[in-house]
């Protein structure tokens, strides 16, 4: 029997399938579909990779903001718990998890048993999240995937100190008008986000080792900017946006092992 | 390069910071103590009379995020910047903090500073927020309480004579600054607003004796120097804690002349003198109660507004720029109250909301440019 | 308008008496004004209804009525109106909401004021009533509340500090005499204080009952009952209803009954209430958590002290105001929070960090660190506006509550 975890976020869905404690299938889907549909689609993808079908799955845990609507799920679990579980399993030395998603950023502190001791989140301010990066990429007319390279090659950082994403976006536009090199602007955007996220991080008294996840962690420039800001090197797992889904799958796996439903 | 411009050149933002560091170091080398104050309602004279160097705690033009882990990010950017300075040990040399119960953010600064930055001496003076007749006796008692604690900390008595002398010295500083401002009444003021900012800021961190000497030299030399060609409408900034010259510079770059201000980093710091006769502590309570009030003091309701009107008249101001710090309720309430009154009398007004320091400098300049064009 | 958390009826029958009481009070006030020339006074939080009731005055607490409008889903239009008149979106939303419905000219919730009274308890309080006083051309008295610089464990409050406020309270009485044309009747003042103490005493009993496991009264019942504390101190009927709530809670406690059948988590709610989602506590309860206690009630009635002395009315009133928990050094607030966490056996703290309230804000980090260190009790901070529903996402808040409770484990 397989165990699966599905994380339905604001703009994407992720799924992970486990067999005997090993990942045998996983997928991410950027989607505007309604939560239950998105969940089924991404699970299908992950199962395809595992060469299995829904009937092979014994337990499914749903997490993320859309978890309440995932009809295939056996149960749902809190996002924070799933993140913690996933991070601790992937890298047991993790004591701080920084998750920067599309619309929110969260920081968790884990204890030595991999449990969550404390968490803080920024759910309000777009300027500490993925949507801000998307907005910046749009204004600069570059692809999200290009942001890392641009910022890492930049000589300077264009100052973007607006707390509010709305202010900050106009600052980006001003920089474009004054012919500031794109790389410098991106470096400035990363710096601004790092500043915003670091104050959330500092609220939980961070400790090493620090793990960064969420879609934004694919941006090496952002990772670097944040490392410099918080003064810690960070572990970035492969497929960083799937950490919560891993945790959810682990919980499903535990359920199967205990024989509970 | 004239003596005056050379002197003003030393009072840039960085220049004043360097001078301040030097002054504190020298003071402490001589065995003296330095205490930071956070609000212009702090009776510096009392510290001075005890041989203490009063140093205004300020923020920086650089963005900070460290304080946002201690105070919500929807709180006064100036206060968070000050806390950031404290947390990054920029004020390590200070022996204590003297704060005032003026606005909500100011008291949060005091609480978080004590708990997270640390201070060997900490005191908050409860500044009365109304003009009722009982406030005098109350503030007098608060000042007495401060005297007792400063004496205990400094290990020295603050005599009436020492206090009178400090008051005289501070008054002299106020007069000199006022004379400097008088020069800006001219058609072609000999110095620009961003330069004035540096001069006033220096006065908040340097020993008064040193600052008086600088002012005397400036007043001597400025009439001899070539005044910069003033161009553009004569403007005034009204607001609170603008601790960097960035905003005055923005106004100048946008084509306006900043000829006067209503700021606690400007005229409101020094405009009112302390009576030099009678009981000095009583004189201090009177001055700190009757001075041009900060926006956070609700009564008397139109005192600051009348001060602004007076300045508009005396300095022949063509337009007023209200600088509102984000999340600053007191000044935010004043704007819809004062603006219609000014506009009714044909005085152009613009409100700019700032998030401290360099944020959005580009757009601010654009807006001021539009304002300048409108007034011309 | 975002649909708030669906909510069931109150935990206690007696709590439904609050709504009747408030409506009845407004009816009494209008009638008294018509028939006896009674006066209507408007005030904010931390004000003097007990003293006003010594005269033929019916005090109304304006912020409470903004909260009622918000609970009915009708506040957004008034926020927009106020913003249209130039009141900043970055300033206190509660007062902006009040300005909206007060200046809207519709007699929305309250009979027009004959006078306004306020204290300088926060930046916004001092200034927000001016436009309203202007609009109604009503006399306005602003009292300066002295800042309590003594820490809870420290020395007694200085005499001169009490005297400063006593002098102003005496001035308040002169003001009330002038606006009503009455002379202060000491017997009537005494009676008001006796009734206020009755209400306050019942509240103290309620707080003690909350220490029971399971907690017999919490969540929505507390929020709604706080309304009486805000506006009806000194009113006999108000004290009656509070005692009824206390009695019913005591009966429940005697039967070992709690707000939830299977109580797993005991939560302390710091900061303001979310006025437009009063049912949020229901969501906690679905997950086996009880919001045992909030802290906002202590702006009106301290739970550790703050009782009035009818034989020494003015001075005891002065001390009540000066010592209330948000007035003064943060140590006072910390001390009271510690006692609540300890006495009420709290498992977790939710700190409602309303973005534009700088009186209640600012304590997040200090309280979180200290409560974690001393009691091992974690704090979750949520950034949601207390009265502006326009960007509220209940699903997100529910998600965070779930996250927090699961973490409490």
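Miscellaneous remarks
To keep things simple, chains are lettered A, B and C as they appear, and every chain counts its residues starting from 1.
In this text, a contact is a pair of C-beta atoms (placed from the backbone, for glycine too) under 8 Å apart; a residue touches a chain by one contact, two chains touch by 3 or more.
As the structure is a computational prediction, the values presented were derived from the model and not from experiment.
Of all chains in the assembly, those touching subunit A and also subunit B are C. Between the chain pairs A-C and B-C, more C-beta pairs are in contact across B-C. Chain centres here are Cα means. That of subunit A falls 45 Å from that of subunit B. With each centre defined as the average position of its C-alpha atoms, the distance from subunit A to subunit C rounds to 40 Å. Annotation: 36 Å between the Cα-based centres of subunit B and subunit C.
Shown for subunit A are the residues in touch with two or more other chains, namely 203. Of all residues in subunit C, those that touch two or more other chains are 355, 365, 383.
Residue positions 69, 326 of subunit B each touch two or more of the other chains. Residue ranges of subunit A in contact with subunit B, taken from their complex: 125, 159, 161-164, 167, 170-171, 174-175, 177-178, 192, 195-196, 198-203, 229. Residue ranges of subunit C in contact with subunit A, taken from their complex: 355, 365, 368, 372, 378, 380-383, 391, 393, 395-396, 399-400, 402-407, 409. Here subunit B touches subunit A in the complex through residues 63-69, 73, 77, 326, 355, 357-360, 362-363, going by the rule given at the top.
Every residue of subunit B that touches subunit C in the complex is listed here, in rising order: 69-72, 74-76, 101, 103-105, 107-108, 111-112, 115-116, 124, 126, 128-130, 132, 134-135, 137-138, 141, 145, 296, 298-299, 301, 324, 326-330, 332-337, 339, 353. Contact residues of subunit C toward subunit B in the complex are 85-88, 90-92, 120, 122-124, 126-128, 130-131, 142-144, 146-147, 149, 158, 160-161, 164, 167-168, 171, 329-330, 353, 355-356, 358-359, 361-362, 364-366, 383.
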